[in-house]
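Next up, some structures in structure tokens.
What follows is chain A paired twice: with chain B in the first complex and chain C in the second.
Moving on, here comes the complex of A and B:
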């Protein structure tokens, strides 16, 4: 199976609220919230790191879950967000830095 | 409850400022007859200051950012501000008259993935629109701007403020929006001017006209429910709050003054003097606004409309008491349902009297900044 690379779309708005990432695509104003695991994948979607590596380093190690299950869940999640234009998916690393954003939202300071 | 409503409630409960309205200038190329602003520059925030504010707002958890004015395109640094806002991943809505939007501006707004652009339009007839804006040819320039934005695939909403001079054109304006393929919203609210002048309130449409608006099926699809007499308020209703002002929403002026809402001129602090979060979390005024539940309202808590009324605490504040009734909303509740409000009954009125001339108003005044 070929490797997948994922990048955050430049058309999205995002912010952390109470441990969940709010994400909205300006193209259709569809609104999503991502749970902690999904947020970890989304934040790691730099267009350069293979999805399998993201799953190992951000999911399996941090959330102590089995790799095969985590990879399957991640692929399902990535496909869903790609359908809504929130993540871009490629079998090659992304070179266009128009994708994604260097400013990753953190939990609000109170 | 929709996901958006759930998130809004969560932010409300946590006291996170989910949405901010930031006016970046009060300068404008139009001179609308009903406008509550003056149009001079009394020391606007600089580009660097606005970027700093945006950094603070992102850190505070703000997600929805409305950039407005005045006319936002009067600032030469508008796109620099917008680029910074989008880099910080805000969901950005812009309010403009679109007069200065050409093909290039529309293309840049598209590239920056602005969520929605709300454009003021007062009539489908150029003469009526231009008489309100007092800017010759503003109608044709606004329509052209709308077309440029629409053709770029941007989401456009025409905002139609209803007043005595254009109420006859409401249906025509709504049809024009449909013909242009854009959204349409209307607002019958006319706000007193920031210098305290209430002359503009003469432009408010008559109560009977308001009733017609509520019974227009093209505007209110679920009329039967919307115009039904209010059910008796529950205990839970009395524990409720008026709106999100000061809870998960606030307003920042071009001079850095922070208010609970754009229509609630209670000064709470200035971001040239304090960090935004210090004002948001610790301002006694913000805390007071946040503390007011429906049961604390001396007149409205006994009103049958208390759970369904759109009572604006900011308009009430401008009438002299943020815990008091807002006359404009009493009118809306009465003409929507035909049921008198507690405020009317208290005054022995069978129908609303309208906004009383001579009522002292609190004014928006810039907070003095030490040299």
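Moving on, here comes the complex of A and C:
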């Protein structure tokens, strides 16, 4: 099976609030809230790291879950967000910066 | 000989904008429409209006896009170009006041986005020195809330609320009321301009009509989702969306945001007064 690479789209605004990652697509104003696992994948989507490595390092190790199940869930999640233009998916590492900023969104300062 | 230029400064939300035109009829209309918002404060923003042949106010979607560093604002009944670097812009429209309102609302939205503020589809009013915002979809009860308000309540708007950070206030330093709501001339069904005044925001309520009055918590994510749905903005621009999402999160993190289910009579204002005194207990 070929490897997958994922990157955050540059048309996405994202922000972490009260432990929840909120993302909004500026193209269609669709708004999503990501759970903890989805947030870990989103944050690791740098366009360079293979999805399988993200799953092993960010999901299996941190959430103590079985690799096969985690990989299947991650692929489902990635496909869903790609459909909404939030993540970009490729079978090769991304070379240009059509992808989102590497600077991750922070909690607002109060 | 060039026609004389008529100039008026209209200050909404503490942001004065100089409006100029050679069309005396349009100028008189402008003076009348923004009568309570005229000002002589020095301003960094200016719009010049060129009046064109009458066209009906348009129901088309407005298009706002960047062209280089400039913003282009376009709808069937107006076209405007505004340069944020100089603060100056040119508007071509007919003498329709609704077109003028739309142009001003968009310009204020763009200015506010860089300053951590926003315009919100919400009624707002001052009660016991605090501003309360009532947001919701059309028919949720924004105008109703202002109609059933008791006489001591000051109307800011029944349609478009004007919100800015209030970092220097005493309330802000005490950890609450870190945003301020301003009155606007932008009226909805009530057809009445708000008072030209402002107050620190006590709470934002998302409205629903129901058989009895109750105030419920909503999650931060749900509050941001609803807020983003009701902020006036133009989603095609990623930088603007990024700024507004950051602003919405900061706003939600700073103030009580609740769902207000209400039966439309003035008793709901008693709950709002009590909420003001015990904001954390609800």
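Just so it is clear, the second predicted complex is superposed on the first by the 106 of 110 C-alpha atoms of A that agree within 3 Å, B and C clash if a C-alpha of one lies under 4 Å from a C-alpha of the other, contacts with A are read in each partner's own complex, and residues count from 1 in each chain.
As a convention for this text, a contact is a pair of C-beta atoms (placed from the backbone, for glycine too) under 8 Å apart; a residue touches a chain by one contact, two chains touch by 3 or more.
Everything quoted here is computed from the prediction, not taken from an experiment.
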| item | value |
| --- | --- |
| Contacts of A:22 with chain B and chain C, given as first, second, both or neither | both |
| Touched partner set for A:13, first chain B, second chain C, both or neither | both |
| Which of chain B and chain C A:53 touches, first, second, both or neither | neither |
| Touched partner set for A:33, first chain B, second chain C, both or neither | both |
| Residues of chain A contacting chain B in one complex and chain C in the other | 10-15, 17-18, 22, 24, 26-27, 29, 31, 33, 105, 107-110 |
| Chain A partner contacts - residues on chain B that touch it in the complex | 3-4, 7, 10-11, 14-16, 18, 58-63, 87-92, 113-116, 155, 277, 281 |
| Of chain C, residues touching chain A in the complex | 219-221, 224-225, 228-229, 235-238, 240-242, 244-246, 248-250, 252-254 |
| Contact set on chain A toward chain B in their complex | 10-18, 22, 24, 26-27, 29, 31-33, 101-103, 105-110 |
| For the chain A and chain C complex, residues of the former touching the latter | 10-15, 17-18, 20, 22, 24, 26-29, 31, 33, 105, 107-110 |
